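Below is a structure I'd like to ask you about.
Chains here go by letter, A, B and C, matching the order in which they are written, and residues are numbered from 1 within each.
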Amino acid sequence: MIDYHFDWSVITRNWDKLTDALLLGLLLAVISLAIGCIIGLLSAYARLSTKKWLSLPAWAYVEFIRCTPLLLLIFFLYFGLPEFNITFLNKFESFVLSLSLYAGAYMSEVFRSGLSSIPKQYVEAAKAIGLRPWQRQVYVVLPVMFRITLPAVSNNLISLFKDTSLAAAIAVPELTFVARQINANTFRVMEVWLTASALYLATAYIIALLLRQVERRYASIR
Amino acid sequence: MDSLMAPGTFLFEAWQARASLASGLGVTLLSSAFSIVIATVCGIAMGVALSYGWWWLRLLSRLYVDLMRGIPVLVLILFTYYGLALFGVNVAAFWAGVIALGAFATAHVAENFRGAVESVPAGQMEAAKAIGLTFGKRLRYVILPQAFRRMLPPWVNTGLEVVKGTTLLSIIGVVELLLSAQQQMARNYMIVEFYLLATVLYLIVNFTLAQLGALLERKTSYLRY
Amino acid sequence: MTEQPLLQATNVRKHFGAIEVLKGIDLTVQQGQVVSLIGASGSGKTTFLRCVNLLEEHDGGEILLDGDPIGYRMIGGKRKRLNETMVSAQRARIGMVFQQFNLFPHLTAAENVMLGLTKVLGKNHAEAKDIAGHWLARVGLGERRDHYPYQLSGGQQQRVAIARAVAMQPRLLLFDEVTSALDPELVAEVLSVMQALAESGMTMLLVSHEMLFVRDVSHHVLFLDQGRVAQAGPPTEVFDNPQSERLRSFLGRFHGIFGR
């Protein structure tokens, strides 16, 4: 740091670019979480099924994703799918697909443990008033499960948001990509990366705070 | 057999690439191992600070952990890589990556350590005090053996995250397994095949690691609650 | 021929693996009657109750509700299990109150009562809300309708559970040791609600350890012992003239209560 003089004008000049990039990352994370939740819910039910042809593929999917690096998945879908003549995905869609598949496996684990931790008495009470099987899931099991798993879902959203930084590797102009660009053009290393870190940190913190509020609202389960 | 191994086939290309891929795999394993060792040593130390430190030490370590959990690993890696050069420290990209990954995983190990220690009933610490053990001995002989089993599964998970995280070193030019596979693709255009090959290698490494964790967990199953 | 019983169980059997829990239970409940099952834990009372509501499947004998077999129908002389939709429809005709209340934790007291009314009986929201309000008031919880279960005491939760069951206007109401999980000072409020229900003519089948209450409210009492009905009759007969040593010793445990 001997000869380093801070010059924050590089940040103020590029502020709009940086915040746009941040929002793009946030958007990608939210979309991927939404799709990931659907994949996760379906595969969690599949894993808990007594039918082997349902539970086995779901297990394989979760284990496969858990052991595969996200960056590899991103590259594979972005560069590999066109080899199968699947060319209609642009880099944004391709990245969302990767992150959704990745999130799906993690959500699957969260939902599976949530579903199996629901006391069976609730299901019996639902049976006793005559609710049909799918009604028991929709009106009793799922609402309780979502409340139980909310903290884990929040953590996953924050992780996914951080993982959007990997989109930089396929030139999606999110925060890390833009920061690296500014870094390369100006060599203001400290300013750029301190700002990027602070923006990520602040956003993660705000997400955590917001979700804490949601959790408090639904704290009817003790 | 001859036709399978003829030039231009996948097996031929994979055989041609064996040395590069092996060296890439070696870099992946080595950087993972260094990061995990750093994270385990520093993480346990920080975990002790987090659970038992003076208030300012607890605050500092808590700050560190939350900082590391809010910043993407890739940003940490890029920051370390470009930042260290500024200090005139001329480290190779490999070490910049190892430091960043180690710093990230340290936070995870510390937090897991705290969780595991807190899961040991408070009465255990009191009983250990009552028989006159010093702080170090209470930790060493009473708390840690009980917390150990609880630490294992998240520790293995952190290990998996680190191995997967080493792929990010490719972005700062470290030729680990992913980049080495990509270099082969640039030569032979077998994109799908070589990505799949890399995937299989990662699966083998991570599956082995997960199995090792399961084995350790079984070996310590005498500790039950 | 007397009128058709509301519930008639004949030779009901149930195994859990190699263990036979019910070894042929016979029981008749007439419309408007209160019938109680007493016995030591493990005697099969709760299992029998759960069979009536199809939470367990009996594997021998038959249980008829208004003459319809519960859980299966006969096709060409063979027992065929009903599908889940039909089972659910049968359950809707029987109400059940559990030992652990089992209120839905994500719903308020009123919403707990309304769930079955809207989703099973197909009533609209406003109507269901009125019915829920009516029954919650009847169990003395009109003021607590918007409270979540965790905001209610055990006795209050159990009264909501009773309202939830009665609101469905079941043919038969089952009570499975509903006061066992309550603190002693909360038992009375639940029993008085049950008493009022009995007096209003609700048909009830209950498993209980509250011997004074059972004696007071029942038309008929069955003492179950090791999966069999060891003695049955009107409460005065069962309580005052026990035929077996086991019933005597079982009742002896409650002697303090009768001495009061």
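In this section, contacts are C-beta pairs under 8 Å (C-beta built on N, C-alpha and C of every residue); 3 or more make two chains touch, one makes a residue touch a chain.
Just so it is clear, the structure is predicted and the values come from calculations on it, not from any experiment.
S.K.: Kindly list which chains stay connected to each other once chain A is removed from the assembly in thought.
M.R.: B | C
S.K.: Based on Cα centres, what is the most central chain?
M.R.: Per-chain C-alpha centroids compared to the overall one single out A.
S.K.: So which chain is farthest from chain A, going by the mean of the CA atoms in each chain?
M.R.: C
S.K.: Using the average of all C-alpha atoms in each chain as its centre, how far is it in Å between chain A and chain C?
M.R.: The answer is 47 Å.
S.K.: At what distance in angstrom does the C-alpha mean of chain B lie from that of chain A?
M.R.: One centre to the other, that is 21 Å.
S.K.: What is the distance, in whole Å, between the centres of chain B and chain C, each centre taken as the mean of its C-alpha atoms?
M.R.: 57
S.K.: Show me the residue ranges of chain C that touch chain A in the complex, using the header's touch definition.
M.R.: Those in contact with chain A are residues 53-55, 84-85, 88-96, 98, 100, 102-106, 115-116, 119-120, 148-150, 161, 164-165, 168.
S.K.: Using the touch rule from the top, collect the residues of chain A that touch chain C in their complex.
M.R.: 121-122, 124-133, 135, 139-140, 143-144, 147, 218, 220-222
S.K.: Which residues, counting only chain A, touch chain B once they are in their complex?
M.R.: 1-2, 4, 64, 66-72, 75-76, 79-80, 83-84, 158, 162-166, 168-169, 176, 179-180, 183, 189-190, 193, 196-197, 200-201, 204-205
S.K.: Which positions of chain B touch chain A when the two form their complex?
M.R.: Contacts found on chain B: 67, 69-75, 78-79, 82-83, 85-88, 160, 163-168, 170-171, 178, 182, 185, 191-192, 195-196, 198-199, 202-203, 206-207, 210.
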